[in-house]
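The same chain A turns up in both complexes below, where it pairs with chain B and then with chain C.
Now for the complex of A and B:
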């Protein structure tokens, strides 16, 4: 009986000796070296299959297998396989992103009217130094720096690596810098704010040899920003001969035109959806 | 006598055709499997902050399926140029590096794709980014040369970042994550 047991053990010994179990840590941080403990004995080929990397080398079973920081730079599921004379054995583990180190920032649109609700959207993606999306929630600080006035700051917690916000444009025209900050990383984008529609559009008129010269006051939006040159202002005149409409662009902040007026007339002005004042001209003016 | 000879010839021809079919059929099946698109089911019911248009949903589904077909072919054949059509950024860099390592080590990964249940959960307000969670059913085989060293039927979750291009959506990031992450 003893002989039979000994014989069986002798038969099993080589297999037992070569059988390898791998014990990696359950979770590893990207870019940090570690060891995988192994059981068994003898030589084996060790494979490390990463999301963006494959490594293969010879190892001794029963010893710790050192994994280099360079082999675990990418976050995701890793597979460690050791193949010895007794066959192959494997273990999986996950590598998670390291500390936030980079922020990818998208700001939209590049040009926007002042004082418009939810007109600007900002999306920030948080990465570690190996370009892995940082999935643990981190606070992204969005800072809005207008040309004049105080800086506006808003903190948003990232969700699955992404933080986003919508915001209104500020009242003053000009470039506005928007910065996304995470830890030491920051990214800035510039958005151009332009004047909104004209507000309190007013005209004045004076007789000339050919008719009437009509011109606007400096055209501004409701926040006092100058409406850009080139914006079309429409002048309409109704007199005994009927209706005449003239479109004139704003030049140096003012739109002007000369209308042929026959006797008494009414002159009105509009720009886009905004209607300005109306002037009545008497026949003897 | 001539009838027997004719019958024998037909028999030989039939056996030959049978053998040819037996050899060619698995090859044909493999080619068909390699070229066929994996099944992708997209659910965008809880996407935010921007709703997804129907056409966008159709395009994302199609392009994500194409990306997985190309990825499987690229890794199986060690041909990084398969990644050109539907991968960009970090995802493309990572898989290109992996293929380069596969060539160096003689190891290669083969995916047998059994489908993807994809949930789109973030679509940026400007339409420039979409984030998805893919619950993929894959058979993963790892070969060293011609020797199979690992095989697994895996239910693997992937966190996916896709961005629109001129005529298609690109996979920018494809990260295998632990199932309990969300």
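Now for the complex of A and C:
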């Protein structure tokens, strides 16, 4: 509908342009009132065709036409049209985004292994208070706050409203808060840094009344982080009765199980693609 | 005409007597007495079990004084919400193993139909002659009993909170788990192509996993697509490895140029319990001479597992997956009680097996997730 009105008005304009002229500023900031000077005389109807709405009111030609701040909230191309007794005339102008006021922040992934290069991607989109994307370059301050250790800060200039960066995960597991700040606006996201594969997986065995209690040493990755509870550790035992396997979850940092053992036996351990040590039990242990 | 009324009375009386005889178990007694051979005795017993006529089946036993009827019923009808409680005896086959004039050993193959498909059970029954009648000596049911006790369990589970409807569009959801197919092997069987392999959950959260495969012909066009269905452990805890098997009936390897694999993973709430040990695993033969992988399942947790499925993966000397087979266990896994299992292994695969690994899928009625 808006396009149809614009089209009709534009069809009428060329032959009548000489009667009234509008002189808006070339560029206006969103949400700020301004005036459009006009030439000619007499009463006219003023139309403001905005990206989201159309305003209409009666004005006097030859005087400045005040445009209300509420009419220029959306950034984009505007068309001011004045239709008097002699016909219609128009002038286009652009409204640009106001000062940065909001930031939308995308952080990916939500979980990442420790010590992984370029694993974290942070993208900030800068908006003004009217939800217009701020296209002028703005400095976005990315702050990385690990569970322990100092805060890391990096400034990135936005390009056409978007600022992004990639970064490596730190060596320590735990939640990492990443904050994107622009002027007074800031948005925080949390990324979970998780331990990598188990490193130096080791087991020890102890005879019990029912068999052998096998348990791992505290399971850690190569950076010394505790592998999360619930991670499956596979125990396998081979003796005269055959093979016994148990997939046991790590609980409180240690995986343990009780295996029935008949005579001498070999017990091995693995977690995912990681293989641990093997222990041999003699019949008389 | 005079004789009509007495005739009617006589016929009616005879009919009532016959009905009363049937009602009082006379027919059963007759049938029992008619068990003139070991074969007939076992067949009659199986017929009663099939119709779930426990009273009559129990009455047919030679050693019914040795145990209570309830124990006999639980032995055959199942208990503790096990798969057997959802099964019925579909058919049976009886044949002699050994026979003398007074006793015999009969082998019976029971084919149960269950919620997860047919289940086979093989039993050797001792039959002995009592007077003119053969009766089955039922092996005394040894149903496990768990003594009252407290089994401490450090409860460990994952709950998932997803993105809310009112969240800003920039608020990211929790990522799906990273899973990876670590091996894939296409195997030719007489009537089908089978894709076997393993998948691992590389993440630190549980995953619900499904593996699909598409067979492509020489023009790289899809011929068929199938999923792993129940031949996989769908819920994988962190770093857990599951075998998978995908069957393509009616295809041959010569028709296939390549296979497109697709693994999908979803983040799901899960529990790390129960832990089930698979003990005494060994390659063996069943009474029919078929190759099986035998072992026992021991539920190391305190919660009863009602239905368990055994998934076995077999490797050759190079560590390549060459076959995956499965079997359901029709008994419930009570805490700390060993329950035997056996899964079939094709004869031509056995000679190549160098190693194997067994995984257990479990279902508990009281499980909250």
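Brief remarks on what is shown
Going forward, the second predicted complex is superposed on the first by the 264 of 285 C-alpha atoms of A that agree within 3 Å, B and C clash if a C-alpha of one lies under 4 Å from a C-alpha of the other, contacts with A are read in each partner's own complex, and residues count from 1 in each chain.
The working rule: contacts are C-beta pairs under 8 Å (C-beta built on N, C-alpha and C of every residue); 3 or more make two chains touch, one makes a residue touch a chain.
Since the structure is predicted, the reported quantities are computational estimates derived from the model, not experimental observations.
Looking at the shared chain after the overlay, A:94 reaches chain B, while chain C stays out of its contact range. Applying the stated contact rule after C-alpha superposition, one finds that A:53 touches chain B and leaves chain C untouched. When both complexes are overlaid on chain A, the residue A:174 reaches neither chain B nor chain C.
In the superposed model, A:108 lies in contact with both chain B and chain C.
Of the two partner chains, chain C is the only one touched by A:189; chain B is not. Common to the chain B-facing and chain C-facing surfaces of chain A are residues 106, 108-109, 125.
Contacts from chain B toward chain A in the complex involve residues 49, 90, 93-95, 97-98, 101-102, 104-107, 109, 121-122, 124-126, 128-129, 131, 142, 144, 149-150, 156, 159, 161, 173-178, 181-182. Taken together, the chain A residues at the contact with chain C in this complex read 104-111, 125, 187, 189, 194-195, 197-198, 228-234, 241-249, 251-252, 257-260, 271-273. The touching residues of chain C, when paired with chain A in their complex, are 154, 156, 158, 168-175, 182, 200, 202-206, 237-241, 272-273, 275-282, 294-295, 300, 356-359. The part of chain A that touches chain B in the complex is made up of residues 45, 47, 49-56, 74-77, 79, 81, 83, 88, 90, 94, 106, 108-109, 121, 123, 125, 131-133, 135, 159-162, 164, 166.
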